[in-house]
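Working notes, beginning with the structure itself.
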Amino acid sequence: MSITRRKVLAGSAVGAASLASGLAAPAIAANEPIKIGYLPALTGPSSSTGIGINRGTVLAVDEINAGGGIDGRKIELIVRDTQSDPTKAVNAVAELAQRQKVAIVWGPLNSGEALAATPLIARDKVPMLHPCWVDELIDVKKYPMAFRIAPTNTQVGGGANYYVVDVLKLKKVAVISDTTGYGTASVNTYVPMLKAKGAEVVYENHVDAANPDLKPELLRMQSAGAQAIMPWSVNAGFLSRILNTRGAMGWDVPVVGQTTLGSGQTKALLEKPENWNKVYSNNFRQVCFADGKLPERAQEFVERLKKAKIEMGDTLLWWIALGWDGAKMMGDTLKAAGPKADDIVAHWNKTKGWPGVYGTVTWTPEQHNGFPDSEVVMCEVNSLKDGAFNLAPGYAA
Amino acid sequence: MPISAPEPLLEISGLASGYGKIGVLRGIDLRVGVGEAVALLGPNGAGKTTLLRAVSGLLPRTGAIRFAGKDMAGASPRDTVQAGLVHVVEGHRVFTQLSVFDNLLLAGYGMTRDERATQVEEALAFFPDIAAKRQDRAGTLSGGQQQMLAVAQGLVRRPRLLMLDEPSAGLSPVLVDRVLAAVARLREGGTAVLLVEQLIEKALAVADRVYALARGSIVLEARTDEADLPNRLEHAYFGQDVNAPLSS
Amino acid sequence: MTDTSAPAQPVRALSLARIEGALPWIALGLVGLLLPLLDDSYIGVIAQRAFIYWILSAGLNLVVGYAGQIAIGWVSMLTLGAYTTAALTAGTATPAWHPYLALVAGGAVGALFGVIVGLPALRLRTFYFAMTTLGFATIVTQVALAWKEVTGGGVGTPGPVFPWPFDPGWGFYYFCFILAALATWMTANLASSRFGRALVAIRDAEVAAEASGVAKPRLLVAVFLFAGALGGVAGGLFASLQSYITPDAFTFEMSVLFFIAILIGGRGSILGPALGTIVLTVLPEFAAPLVQWSTFLYAALLLLIVLIIPGGIADLLDYKNRRPLERHREIVPRPELLARVLDRRTGGEVLSLANVELSFGGVRAIAGLDLEIRPGEVHGLIGPNGSGKTTTLNVISGYYAPEAGQVRLGDAVLPPRAPHLRADYRIARTFQTPRLIGGASVLDNVMIGGTIDGQGSFAESLLTLPRHRRDEKRLREAAMLALAVVGLDQLAAVRADRLQHSELRFMEIARALMLRPACLMLDEPAAGLSADEIRRLGALIVAISRQGTAVLLVEHHADLIFDICDRVTVLNLGKVLAAGTPAEIRSHREVVSAYLGA
Amino acid sequence: MFASIVSYGLAVGAVYALIGITYNVMFSASRVFSFTAGMLGMLGGVLGALFIAKMGLPAIVGLVLVLACGAVIGLVTELLTVRPVLKSIEQHLYVLSTLAFALMVQQLTAVEWGTEAQPFPRLIPIGPGWLDQQFWLPMLACAVTIVGLELLYRKTLIGRAFLAIAEDSYAARALGLPETQLRMASFALAGVIGTLAGFTGAEMLLAFFGNQSILNFYGFVPVALGGMGSNRGAVVGGLALGLFQQAANFLVGGIFAAVAVFAVFIIVLLLRPEGLAGASTARRV
């Protein structure tokens, strides 16, 4: 990894030394690296997303710096591992914004920390770019400098609901989540959306993810006549239990839901591979196989990853792509608008159809959610290959 | 010491012990000869139990302890038991959840299986009362039977010296006699006994020699056949020799 | 020795020590006050976090460090306070409250649940209690998850934003600072009051605390109430600092952090845990690469502390108690000062037992005992082992309820099974094994004895209101006097566990004298004393009785009994074998033979 | 549906019961309640998955290695966290020392093994349904442990020595029983039982560092309800807890099951601090 505290210290030592040698101030500024605050959860619970995203982010920053940086100035990532702990995120925001005076904050990558960090970053008037899905995190009035480079929960759930109701044509749906913030929020948002689409929600519950036995829950769904299960959780153990229980019951019902359904961890916890059949998880059109081929941008990106010897088998392509997009977006912006906060925000507000690997981003002054609905799709989880999936049956290629 | 004293088995000199900060014993000198029965008497709180605990290693102590020619200064209870110095603690503390037989087997912990079997039988032979109840849980025994069991536990190792702490406590007079009779038989069999007792007369009847302990020190040592012993004991107990007038 | 004035010098030394003890606080306060001059809001956030954690820890310190209750799951108070304040401010359950009012409500909810969580401590063993606090912490989190309408469920809810003057930024910083200072001040007041001493006594010498009239339930409830309130207030501030709270913010690790901070700081200290809290809040910021190891390191630190320096930081800082004491110390009691300790209004009543019976599991420990202990007399109680002396003492002390018969003081029947009420009757006692608070000064140990003479309430002590200050002054003077009486005044400031055994025996007598006892029971006071010390002890006991106190002396040292007793009762098999003057008893053949076991 | 409650309830209950026995075995020898009981359960699963799934060892070798590790960790627990504080047992420092040690091991596991739950290999390929090993393996382990302990206590001298130490350690010491060695043996035995619980329950609970706190609490509930030191109480309490929890899961569902268990635990303890089957202890003056 290219970002350590030692480097930060070394950087400031160089700064101090050059100041002492009496060089002209503008020259220093021109050589000083541009600091980007970065708040991934690299350790602790639910760190696998962070690790995946981190690979893309680090690769992009390294490439930008290898290519001469931003007008000769290097990008320096100041990384603070939040460990999925909001209190660490709050401390880190204060440090990044006030002490390090970073130009942009990239992250936090998890909603739990982002909920606490966003108002503070807004208070400190630092441009913020993040990939968290919780809708409330973007609000142009409360947080005018915060931008999202990923879909919202509404979009994600909408994609899944669309697939169940409009593609699979199923009307009776069971919605289940774990008790985390993400899980409960998802259910609360999606159930009304499903109902609005004319589906009947025959079961709805939050279950402790540590609960070893989900059979009672599935039996209830079954007896309620559910035709599809929609689980909302990022907990692989929880999801695999649903799939295993479904398999053990011999219940041939499609499972449609969150991306973690297709993660390697979930796969590892399956009792038998068949339990992964008829499971469709959220994914993103730009990084899915259609007829055995990735879209052009993604294909090119995969080649790049292979060249840089970045491991893909143990993570997901869209995580790496998202990490890459985030860093790339910041690099492009700094190049175009410079490191001043207002310039960055102004630039972002004008972004239209920015071609990311993960998604095509468009922001306006009124809309800081940049991800297009059309790119939120479902995929077949048992088609996992090199971290990417086939589009679910029923989508036009 | 009388000249006819037998060869020493247990020799203690300058022993001090206590509980944490509370020093109970000071400068104790005491000896028990091979095959000798010695009574250790003294009023409540004089430190008799403390002395036995210190000797068997249940309490930390300073001073010299030699047993059968071996230095026992740093010995643990396990060491002293293995050396043949067995301490039957106060209050017939047998293991109530285990059978009589198991209680005795435990006393032979660390011996070979055959040795243990024979010696348990030997110990049981001493106490026909409990031999009949060998499969009963020790908790179902009466107090006297429990005391006999405790003494029998002490015998399993064929000790050279058996220290008994108030074996008569809480027993009816008949049972006291039974227990003390067993002590007498032991002595006849050549086992030395150090007996702590409240019942002075009964203790004196069993013992060859007597020590009296008061306020943590030995205040009297005598043969049990010496004249005027009861009077001297009384003095030792009530401590008139250390009396000092008070001005209040 | 005709000088009857109590030596004042140790008192002066004590007040000097108090000024010295305040220095670290003044330094910490100055740092806190001036920190905003750095204008580094990162430091500000870390400091706010330290203040907030300390507000909770200050209260928890009374529970853990002082009362010795192992409440591992105290993070639940933070959770409750945070959600109460946040939900009331946001108006999810009720019309929206003003943030400051909501903060007060957070404190109130914390106080309420502090008591609910604390109550099991009155009945449960340590480990069980630790488990219940953990269980409660889990329940709170589960409820926060489930009660979506109010708490926002797993999504969480925004924290309160306090308006001017304590608005976010340095305003809020000063708010946290002031409240932390207030919490420190109040806990320090309490810790140095009779309530604080009683808490430590419950931890280290529960029996002695009871005998001194400490009502454990009431005291613990008050402490849990206060600690819960501080936890709740800290929670409200925490919610504001975090700007947004979700149930996952309140982790078990956080609970352990508070707990470890206190233990690293040292039990029975306030400065130590405060430093511990600061260190544990700040440390992770300097050790970013070690972040994932932080819990491991805290736990390792805890293990080291427990195994190597159980006294914690406070012990390391306590250089004064490492100064060597004079080696050959003599205890010279000054009975002539007694008249100033014991006031005569309380004496003059006879303690009597009438036909008391008690048996344990079929064994009759006391079988129809009559006993009369008269004021102004020393009454000796002797007998062989198992004759019922200790049982008699325990019946009088209220540990056992007699199956028949009564214990009276004058005309009043003493309530059975209520040891903590004996002090109200001015019945004091000492113990076979001295019961002391090893970590507290000799003076503090003695002041425990005067607990029931305090007038001020718990709240008055928290705020050092005048009544509390009068109490303290009076108790301190009385304790110094009592120490002068037993000859230990020079050692008043020394930690009690540094004393010799014989000194502890006299210290216990001083503690008992604090009650100005109508009846004083001494349980083997001469055990472990030298002949010289026994003689001085005898003279002291006689002098106490001559002030009009009824003294009951259980003792094995027959010479002491016969020398100083006015009357002796001999017990055997739970009955009176003989009673009379020492001379009569001495020549009583049955007594001699019972003693000699004939 | 009923079958699901019973099979899962008994299986989970058997794991709780075994953890309860782990508490008891340590308690009997030392009068110490150790926070390491849940840790042992957690390690049983993690080490089993490590040896068998990651390192590819045969299942039986893996099991033996896991139990051996358990015994060693038990010994370390005794040496490091119990013996040094045993002298001042009334200060309850053991609560802190064992908690600290358990937290260290848990954090080490989280860092080295990862914080994601990982699968535990299926050892015996029969099932699904009732014959599934995840149901009968914990029950079998529980039965084997109970029978084994009973045989140990009734038929061997060392077993009787355990009982003797548990009843009256002073008298046992006076009798020349090697108290320290017996205590170490007890902790090693507890290590074996605790890791066995984790190993057999791991297909259900997964190899997950977070199982430690769950097992610590749910393993303690049967001890608290059944009376400390009583293995029979722990088994009855454990199975009852498992069934209750599953039934609550089914009947009221989700979050409230956990709340119900905690509520019952606290209420029972407040009404009968010595447990439903235990006897009260004497006072200390």
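The chains carry the letters A, B, C and D, assigned in the order they are written, with residues numbered from 1 in each.
By definition in this document, contacts are C-beta pairs under 8 Å (C-beta built on N, C-alpha and C of every residue); 3 or more make two chains touch, one makes a residue touch a chain.
As the structure is a prediction and not an experimental result, all values here were calculated from the model.
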Interface with more contacting C-beta pairs, comparing B-C to C-D: C-D
Chain located farthest away, centre of subunit A as origin (C-alpha): B
Whole-Å gap between the CA centroids of subunit A and subunit B: 79
Subunit B-subunit D separation of Cα centroids, rounded to whole Å: 42
For subunit C paired with subunit D, centre-to-centre distance based on mean C-alpha positions, whole Å: 35
Residue numbers of subunit A (touch at least two other chains): 43-44, 179, 206, 208
Junction residues of subunit B - those touching two or more other chains: none
Interface hub residues of subunit C, defined as touching at least two other chains: 142, 145-146, 292
Chain-chain contacts as defined at top: A-C, A-D, B-C, B-D, C-D
Subunit A residues touching subunit C - in the complex, by the definition given at the top: 4-5, 43-44, 80-81, 83-88, 90-91, 94-95, 97-99, 112, 115-116, 118-120, 123-124, 134, 136, 179-185, 188, 206, 208
Subunit D to subunit C touching residues, read off their complex: 33, 80-81, 84-85, 91-93, 95-97, 99-101, 103-104, 106-108, 110-111, 213, 217, 220, 224, 254-256, 258-259, 262-263, 265-266, 269-270, 273, 283-285
Sites on subunit C touched by subunit A in the complex: 40-46, 49, 142, 145-146, 148, 153-156, 158, 168, 241-249, 251, 254, 284-285, 288-289, 291-292
Residue numbers on subunit D that touch subunit B, as the complex places them: 157, 160-161, 163-164, 167-168, 170-178
Subunit D contact footprint on subunit A (complex, rising order): 43-48, 179, 205-208, 210-213, 215-217, 219, 236-237, 240, 248, 265, 268-271
